[in-house]
Structure formats: C-alpha cells, structure tokens
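Read from first to last, the chains carry the letters A, B, C and D; within each, the first residue is number 1.
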Amino acid sequence: MSDQFRQQLRGWLAENLTGEFAKLRGVGGPGREHEEFELRLAWDRRLARAGWTCLGWPVEHGGRQASLAEQVIFHEEYAAARAPARVSHIGEELLGPTLIAFGTKEQRDRFLPRIAAVEELWCQGYSEPGAGSDLAAVSTTATLDGDEWVVTGQKVWTSLAHVADWCFVLARTEPGSRRQRGLSYLLVPMNQPGVEVRPIRQLTGTSEFNEVFFDQARTPAGMVVGDDGWRVAMGTLAFERGVATFGQQVGFRRELDALVGLARRNGAMADPVIEYRLAQARIGLEVMRAHAIRTLSRDNPGFEASVAKLVWARWHRDLGELAMDVVGAAGMTVEDGLDEWQRLFLFSRADTIYGGSDEIQRNIIAERVLGLPKEPRP
Amino acid sequence: MRFALTPEQNQFAETLDAVLAKSDVARPWADGDHTPGLAVWRRLAELGVTTIAQEGDPTDLVVVMEAIGFHALPGPAIETIAVLPTLLDGMSLGTVAIPPRVPYAVDADVADRVLVIRDDVVFDAECGPQVASVDPCRRLFTVTATTEVARLGNAFERGVLACAAQLLGAGRALLARSVAYAKQRAQFGRPIGSFQAVKHQLANVHVALELARPLVYGAALDAVDVSGAKVAAGNAAGLAARCALQVHGAIGYTRENDLSFWLTKVRALRSAWGTESIHRAQILTNLHPRKQSSPEEAPTS
Amino acid sequence: MSDQFRQQLRGWLAENLTGEFAKLRGVGGPGREHEEFELRLAWDRRLARAGWTCLGWPVEHGGRQASLAEQVIFHEEYAAARAPARVSHIGEELLGPTLIAFGTKEQRDRFLPRIAAVEELWCQGYSEPGAGSDLAAVSTTATLDGDEWVVTGQKVWTSLAHVADWCFVLARTEPGSRRQRGLSYLLVPMNQPGVEVRPIRQLTGTSEFNEVFFDQARTPAGMVVGDDGWRVAMGTLAFERGVATFGQQVGFRRELDALVGLARRNGAMADPVIEYRLAQARIGLEVMRAHAIRTLSRDNPGFEASVAKLVWARWHRDLGELAMDVVGAAGMTVEDGLDEWQRLFLFSRADTIYGGSDEIQRNIIAERVLGLPKEPRP
Amino acid sequence: MRFALTPEQNQFAETLDAVLAKSDVARPWADGDHTPGLAVWRRLAELGVTTIAQEGDPTDLVVVMEAIGFHALPGPAIETIAVLPTLLDGMSLGTVAIPPRVPYAVDADVADRVLVIRDDVVFDAECGPQVASVDPCRRLFTVTATTEVARLGNAFERGVLACAAQLLGAGRALLARSVAYAKQRAQFGRPIGSFQAVKHQLANVHVALELARPLVYGAALDAVDVSGAKVAAGNAAGLAARCALQVHGAIGYTRENDLSFWLTKVRALRSAWGTESIHRAQILTNLHPRKQSSPEEAPTS
C-alpha cells in the first residue's frame, strides 16, 4: 500500500522533473529562496494539478486525507528527488491547518481550495522589530472601521512577502491590552496601497526575508480567525514542521554525503578528528530520524517539537562549521563549491535563532516538561 | 514505525515500578548484605521478568531493563534477563563473562550459575577473586571456564542492548531526582530550579535522554545499530550524572545521599559491555558500506 | 638567584623525604586527606624548622619574604618531589594572609609564629548547611557575654576540623541583620566542650569533610578580626590559590603523564579519539600555566581567579572522565591502579562545585568583569 | 614571566585604537572601493606600524595585530606587517602566498608587491584570477611565481602568530559588541543581558579569550608553540562569533549590521595560515618527544 504510493510518487517525480523543470533540482530553500520564483510557482501548480499538494487535508478541502506514513514518504521522496523548495508551503503547512482547526466554514471554503490549487500564496506576519523571540510583544494594531479592519504596524522576517497574495497577521485589536491578551489573528490581502514590502539584505548578499509595513491596510471584518488571536497563533506554530521533518532530514543527509565526498577528495578525511566529526554527524542523523518516528507515533507530540528543534538546529550549525573546516583543509576554490558550503555555513548559523531560539526551547522544556519554576518577573 | 509502548507494556512498567520503588536494597547490597536484594529478584521472577526476553515483544526487555536502571536494582540483571535466560530455569540468577569485551562476571558470588562464553560456546565456570569496581553494587569477579555446556549466539549484542536500556533508566532517575531537588532547594532566596543556568542544564539532559530513547527501542527492533544505542544512552546518562552532581552540590557527593548509587552505576555501565571506544569503532565499521555511496546517489529511505 | 633557590630546595627535599618520610610521597590531598596524619604533621614541622613554611610572609612574622618567583618554584618543586599534601596549609595560605592584612598587632604576634612553626592547625568555618554557594546565608550567631563571644550554630564542609586547634568562623553578631551585613570574623578554639566535630562520609567511603557544631562555644572578645566580617571573609577567599596553582599544575601534569602511560600500556591509545582527548588535556595544561603566569604578572589579578577556577575545575573533571574511559578500555583490575583513577574520577567531579560553583564564577565574570545587569531579585 | 604589556605598549595600543576607531572602511572595501582603506594604511605606516616587527619588542606585533583584528581593518595586514616587512619599504602593502598552507594571496590586486615563498625562497609573482572567499574584506587571488628575489626564513610561523593575534582582536570585538547589545536590548521586559543563559554564554567567551591571550603573547616570546596559540585564538574567536550571532538574533545576520564583518573575518582567518587540522597535527608532533616520558619521571618545570 505505502510501497505503491512511493512507487507512484517516485515515478511521477522522475517523469515531471524534466524539461524546463530539470534545472529546479536543489533550487530554493535557505540561501536560495530568491532563485527561479516564476518557474517554481509553475512547478507547484503542476504538483497541485497532479494532486500532490495538501496531501493530509480532508478531501472536501482539496486534500486526499493521506495517512501520516504516506505524508512521510512524500517528503522523503520529494527531497530525495531534489525537487525545488515550495513557494506555496506557508499556506499549505501553516495557514491551512489553522483554518481547518479554527476557521469558519466560509473561511475554509474561501481559502483552502486556492491554497491546494496554488492559486494564492501566503506569508506570515508575527515577528515585529525589536521583539525577537518575544512573540507577545505585538505593537501592530487593528481597529474595526465599519465592516473593515484597519491595520497599522510593522512586521519583520517575513519570508516570501514580496510574492504573497495574503498575510496572516497577529494584531492588537483591544486598545491598551498587554502581551498575550487582546490580540486577533487577521487575514490581510497584500495587494493594496496600505501594504509595503522591503527586502532585508542578508550578509550573504541575498534577501531571504522582508519587512512588511502596514499603513491603514484594510481587510473585511470577517477575516478574523477564532476569538483569541494568541491561541490561534500558537496553534499555527504547532503545525510547523511535523512530517516535513522527514524531508528536511533527507536534505541534511545529502549535504552530509556531499561533505563526506569532498573530505575524501581534498584529503581532509585524513585528520581523524574530522573523520570522527563526520561520523558523529551521521549518527546524529539516525538519532533525529528515530526521534521523528517516535514523535509521529505519539497521539500527542506535546513538546517533542522543542527537542527536535534544538537538535536539528544544533546539528545543522555544527555541519556548517564542519563544512568550513573540511573546505578550509584544502583551500577554497570555486570548483570545490565554496558557494554551496559558504551558504550552508552562513545559513545554518541562524538555525539556532529562528523559529524559537535555543534559549526559548530550553525554557519551554524546563518549565513545561520538567515543571521547574518560572523565573521571577522584574 | 512503532517505537511507542503498548497499553499492556505501560501497565507492566507500572507494576514493575511499584515493586521496585518499595524496595530499598542498594545500600545493604553495597554493604555486603544481599538478602533483601535477592528477595526482590525472586519477586521479579514470579512476575515473569526473568523470562520476558523469551516471550512476546522484543521491546519488553527494554521496558524491564529501563525500570531496573531507574530503581538502581543491584544484581546480575543484564546477564539473567537479557543474555542467559534460555540457559536458566526462570528462577535462578546467572552471570557471565565474555572476554575480552566483558572480562569479569558481575556478582558471581551470589549467582546461581556462573558461565563464560567464547565464540558462541558456553562454558560452566568457577568464581575466582574479586577485582576493584567503581560501583559497589556491581562487584566484579574473575572467572575460569571449565566444561562446555551449550552454544549461544548474539550473547554480547543482547547484553549491550540491555545495558543501554539500563543506562537510560538510570539517566531518567538522575534527571528526576535532580529536578525534584532543584524545585525544593532554595539559594539566594529562590528555588535553584528557577535559575536559567540550572534550568537549561536540566533541559539539556532531558533532550539527551529523549533522543537516546528511540535509539534503544529501535535497537530492540533491529531497526537501529545497538552500538549507537549504547553510546547515545551512555552519553545521555553520563550527562545526567554530571548535571545531577552539579545541581545537588556537595550533598550529592556524600555517602548518606542515595544519588551515589546512580552515579557509580552509570559510570560502571558506560565501561561495561563494550566501552565507548569499542562501540564507536563498531559504528564506523557499520557505516563503512555507506561511506562508499556518492553524494549524487539518492538516499535509501 | 632563583636557580640557586631551586637547587637548594630540590636538594633539601631529596635529603629529607627519606626514611620514615619516604612513604609520604603522594599522600594526602583529595581522596587521601585521611592518610598518615601524624606523620604528615611531623613532616610539616620538619619543613618549618628548615624554614620552608610561610615563604612569602614578612620576616617579622616568621616568613622569609620570598619573591613570587621563588614561591612559584617552591610549589613546583614540592609537587615534583611528590611531597605530601600539607596539613598546616589553611593557617599558612588563608588565615595568615588575612591576619597580615586585617589583624591587630596582638593577633599577628599571637598566631602567625605558631602557624609558621606548625604549632597550631586551623580550619575554615564559612559554609552552613543548606547555604551551598550562598556564603552570605549565615545563621551561626555570636553574642558578647562579658569579655567573651558565645558562638552557636553549625558549619559544614570543614576540612581538617577534627585535627585543627582553631577555626575562623563567620558569625552573625548583629541580631536581626540580613545577608552580608552584621557579620563578624571570629577566631574560635576547637578544643572546648561547646565544639563538636562529625565526619561526613563521602561516596568513596573516606571522610574529607566534617560538620562542626558550635553550642555556646566561647572565645575571648579580642578574637574578632577587622570590623566588617564579610569584607574580611572575602579577603580570605581572595588569598585562596594564587601561587599554589603552580604546584597544583605539577600534580595535574603527573596525573596526565600517568594516564598517558596507562593508555599506551593497555591499548586505549589506539583509539584516535582517546589520543586526541589526551593531547587536548596536555594543551590545556599549557594554557593554565600561561594564564597563571600572566595573572602573577598583574598588579591586580582582579577576577582572573574566576577564570582560573572555571578552567582548572573543568580540566580536572574532564581528566577524571577521560581516566575512566582509558581504564575501562582494558577492563579494570587492581594492578592497573583502579583505586587511583577511581579516586581521580570521583573527586574531580566535585571540582566544579566547591570553592565557588561554575555557575557562581560565570555570574561573577558576567556581572563584574563584563558589566552585565544583575538578575531581578524575586 | 613577562606576559603583561608595558606602559609604552598600552599607550601605543590606545593611539592605534584611536586611529582605527575613526575609520569606517570595511564596508566600502567589501563593495570594491579601497580608497578609504588605503588611506588608513598610509596613516598606519606613518605611525611606524608597518615596520614594527623589525624594531623593538616581539610582543609589539601582537599589540598591533590585535588592534587591527579588533577594528576589522581590511587589507593584507598579516603579510605586510608580520611576514614581509624586511622586503618592503615601510610604506608599501605586500601580499604573499606560501603554498600549500597559504595557497592564495590576499588582496593581491591592491598590494604594491605580490610575492610567493617556497622553501624559504621568495619569488616575485603575478596576480592571477580571484577565487571565492567567505570574507568579502579578504579577497583571495591565485598568483604565479616569476623570478627569485630573496631568501626568508620562518615566514609561515610569523604569519601564523599574526593571524592568531588578529583572531584574538576580532574575538574581543565580537564580545564587546555582544555585551553592549545585551545591555541595551530588552526582551520579556528586561535587558537580555540579565538572563543567565545569555550571561553565561558571554562569560564563557570571556574565559576562552582570556586563556588564548597569554598563549598568543607567549608565542611571540617563543615560550609557547605558535600552533597552540593559533588553535586557541581561533576557537575562542569562533565561540565569540557563535555567541555574538546568538545574542544579536537575526539582526546580526543582516548586511546592514556591521557584525557580519567580524563574523566572516573570523571564519576566514580560522582557515587561513594553516587550518586547525594542520596546527593540531603540528601540536601532536611537538608533543611527541614528551610522549616518550614515563609517568615516574619528574616533570620539567
């Protein structure tokens, strides 16, 4: 059954990742998010037409209610084929599950089919300048003006904002409220005069993220999801990763394999410490895989996500540093693909920050899993 | 993809916990009085613990050894439950040396049967002099093989798996005791568990144990290399021991505090059933075929 | 000049560490503090008679005002000769410098010569049960009754209390005072009915430390040092280590050399990771030595002590763990000296706790050296 | 036993700091405009910086290179100040490749003199194509040796020492910026520098730098192995870089923030003038004679 699914998918990818799409192999993702946007959009739509998007969703929302095992297989095979990073994943992985859990029937009917068909792209408006890990520090406000919300404020670190049609925005709708209270989860169209997107240049020279400025941006009154914006936003975060982890691990494995190959070719492997670190990295991959499988097997994954995040972020950062040591051993030339390793090194360093810093994850584990007392508030 | 425990296993683990939690046998055992400890072993045998590796699910063994590690039960547990059950009658304690990786037999003076295994051949053995051990609840004896009695495959690997599970249990116990202590012990006017420096150390221990656990269960199901499970469980338990001593301060270091039973047990088990060096070399050997794969090749999944 | 000093000392040690004293080589110190007390006392007195105690003290107090370089040489040669751990060091290294800095003329005249002559032994009464790293949590009280202080309370982790003649005690002399305020630094005789000493058994089976119970113990009114007990106590702590570091490093080096020898004999060295860790340990020794020399060169060592403490404690703990891995690789037998390595492993684990835990040292560095803000008080 | 700076050295370091602090030349250099950077180099030459290795105290070089690392000054500093000064006229910038350990010449397109050294023989060289570099302020060029011009001993070792000192300075700058940021940046209602998790990371960086420093000065005085100094300074600066990024969060990762100049510089310098692998092997070789000593032997002191 799942073997059949795997064969079918593998065959489809082999047949379709050809012609103009062949050059998309390996494209997109950290450090390459800016590449080939139009062609990747076309690719995502081709996936959609063949029914390979939103696999786990109920059939009535455009999915095919695939099992967890099938979803894992999808991510593994997709990554193994080096198919490009998706441009429609924020809608598919974050907003869609949120609407299925918290949205009204109207919202689901309005948005889900277009996400599944890759007709509308989404971006996420949570972080604000100066807030960093403190997601409850929301200054963006929204007030109801007749039958429309009027949104004003600034969001930051917003991937794909420059191409998205919609943004889900955490905004303060109760004037004078503090922290987690008085927030709403609003769906705001991006193509309007009140929304401006500015790219943030990274130290690699590319722009993975954007700042988004809302200046009296408008959205209909019905575009609010749930009652308690904070609870809905936390729900969205809980959907992050999950089965996609398996695809990520395939990507990690490929990076490691390539690095092992380079270390053999350029002689770095002769250093037993380098060899040991490469072996440790391989064991780390097995550990992550076993942990991910165990997490899936649980009815309630709970705070496994914090453990997983800590581990893969650390693993990937270490791989980045190891890559520089391997590359360095033979000097750096373009033929040895410095670009690739440089990107890995520079981007993996941010892994321990975004999506909840190491420090935040350890606090979550210590306080919510182990039950240790909170720090005193100043 | 079935690394979670069944409801039956969870219930069995609870029963075991109840039996072992009531027993306080490590201290007398360390002081040379084995009577209370042997009574617990008889109770475990009645519960079917000593024959569990022959019946049912391969992960049952991990459940049992984790519980034994958690409660620091002394006695030749790995040998009796994991390595030798087919050679024992279900009520006896057995012990074994498998030179060179397992050079001494644990608690040979109280075991009903003392054996030596070489190249899958089992010999009866005589108990020789005791040698120094870092763990007073895990006394080591030299043994001398006498007559051949049976053949037995994979004895070492089963011991390694059981040892990894015992380490995992001991590590969990160290974490639980450290967390409890950090909640109640106050310094500078607040519980030390509210300091990030303490909190984050304990969180790191939790992470290490959480990651080692699926490897140990995976090894029981032959899905994961048993050497990797042993190294991961040993390192996680070692981190738990280090952190426990740091959180407890000098108190954890006194004879009066029970913590020392787990501290010395973890250290002994990390060297037992193959050191980290041996298992690391094994892992590298196992990885070797993959080492040949080119980066362009699609990963097996 | 210092070469001559070295030669003279080396000759004296070679000549005197013989006969009955020969068996003292390597005796005493962590894990062996209980061994051969009487003979070690006799040895310390022989040192005193030959003028090898209290080297750096002024001549009028029984010292010979030796230079820092000579003191370093003394500790290095003493350790190199494997001369036994001193039983009179608490008086020589802690109380003596404290009296020189803060004591009255009467106190100096009364105590210093007897410390230098090893006629009186001292112990330290700072830590209290439940206080741990929080030295200001002092419950022991002292009240003036006529011309005597009456001391009541409990101290813990007191080395050598069972053989000491005197104890310097941090006691609360201002009723109702809190934390650092209202404390006095008292000198209390141990041989009196109001003082009881109970050994604390360690997990190694030996007793390195004691509990000391003061129940209306008495000492003359003049036996208070300085005005502000806290300041004096902190002064004492600042005298800890210093030049003695160099002797400690010689001991560390010997442990490492022995471990390298064992790793060669039992085959553990064949593991490149073990070899690497042994090499790292050797480099660590060089680092500690260079740092200690630099600290000495400074007029005001400031918080270097926190850096040094963090480093040697970590180094020694790691060596203990490495020792178990080396020993374990060939199995554990008595001939391979498990006792020695076991002791190293078990005792070095406490290094990161006593004398100010790692966490306390990092707080000191962060707040006092880097100037980071303190944590909010609850 | 003289690892402390003299009053003259402290004063010189202050002068240098004043000159370099005013210059903001890294960004234009990275963007291809070398004019402001070259002006700073002329000012340094006037101060005698480029000839300092030939005159006075061997630790002067460390003082200078630490300051250059601290301020992330671009240009072939190691080459001009430490390796080639005897071959330059005191006002020129020089660069050099010493294959295989230093395969490329830094900033060869702006240097007044481009050289190659093989087995202590110095050759004039022609600047070839640029190759990719992780640090936009440290551009690498292939060079081709032409005619022999001189002999020069210990060029590589002098470069390693200067590189270690530059790493130390860069590490100190990263720590200083991180501390300043942690003091002013608030999260969850308090400065992030008041959280132990942040505090202790920064304390660890301080410790690493404090320990590396005497090794670098010791290497300048030939009292310490230069390979050990390079590894220690590289690791300390690497830790400082990792911690700086963690403390700054995603901001440190943007082009607009100057932090990236130190981040990429540290990474490049760690691979330059011999990787950690090379220096670790060197350390092991240097240790080798001692390896033979028996444990009974009294240590040399």
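By definition in this document, a contact is a pair of C-beta atoms (placed from the backbone, for glycine too) under 8 Å apart; a residue touches a chain by one contact, two chains touch by 3 or more.
As the structure is a prediction and not an experimental result, all values here were calculated from the model.
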(request) Work out which chains are contact partners of both chain B and chain C. (result) A, D
(request) Between chain B and chain D, tell me the centre distance in angstrom, where each centre is the average of that chain's C-alpha atoms. (result) 49
(message) Rounded to a whole Å, what is the gap between the Cα centroids of chain A and chain C?
(response) 54
(message) Taking the mean of the CA coordinates per chain, how far is chain A from chain D in Å?
(response) 37
(message) Please tell me the distance, in whole Å, between the geometric centres of chain C and chain D computed from their C-alpha atoms.
(response) 39
(message) Two or more other chains touching the same residue: where does that happen in chain D?
(response) 190, 194-198, 200, 280
(request) List, in ascending order, every residue of chain C touching at least 2 other chains. (result) 273, 359, 362, 375-378
(request) Work through the pairs of chains, note which ones touch, and then classify the graph as line, ring, star, complete or other. (result) complete
(request) Could you please specify the touching residues of chain D with respect to chain A in the complex? (result) 100, 103-104, 131-134, 140, 185, 187-190, 194-195, 197-198, 238, 242, 245-246, 249-250, 253-256, 260, 263-264, 267, 270-271, 275-278, 280-281
(request) Flag every residue of chain B that touches chain D in the complex, lowest number first. (result) 195-197, 200
(message) Considering only the defined contacts, which chain C positions touch chain A in the complex?
(response) 272-273, 275-276, 375-378
(request) Under the touch definition given earlier, write down the residues of chain A that touch chain B in their complex. (result) 69, 73, 76-77, 80-81, 250, 253-254, 257-258, 260-261, 276, 279, 282-283, 286-288, 290-291, 293-294, 296-298, 304, 307, 310-311, 359, 361-363, 365-367, 369-376
(message) Show me the residue ranges of chain B that touch chain A in the complex, using the header's touch definition.
(response) 1-4, 175, 179, 182-183, 190-191, 193-196, 198-200, 202-204, 206-207, 210-215, 217-218, 223-225, 228, 231-232, 280, 283-284, 287, 290-291, 293-295, 297-299, 301
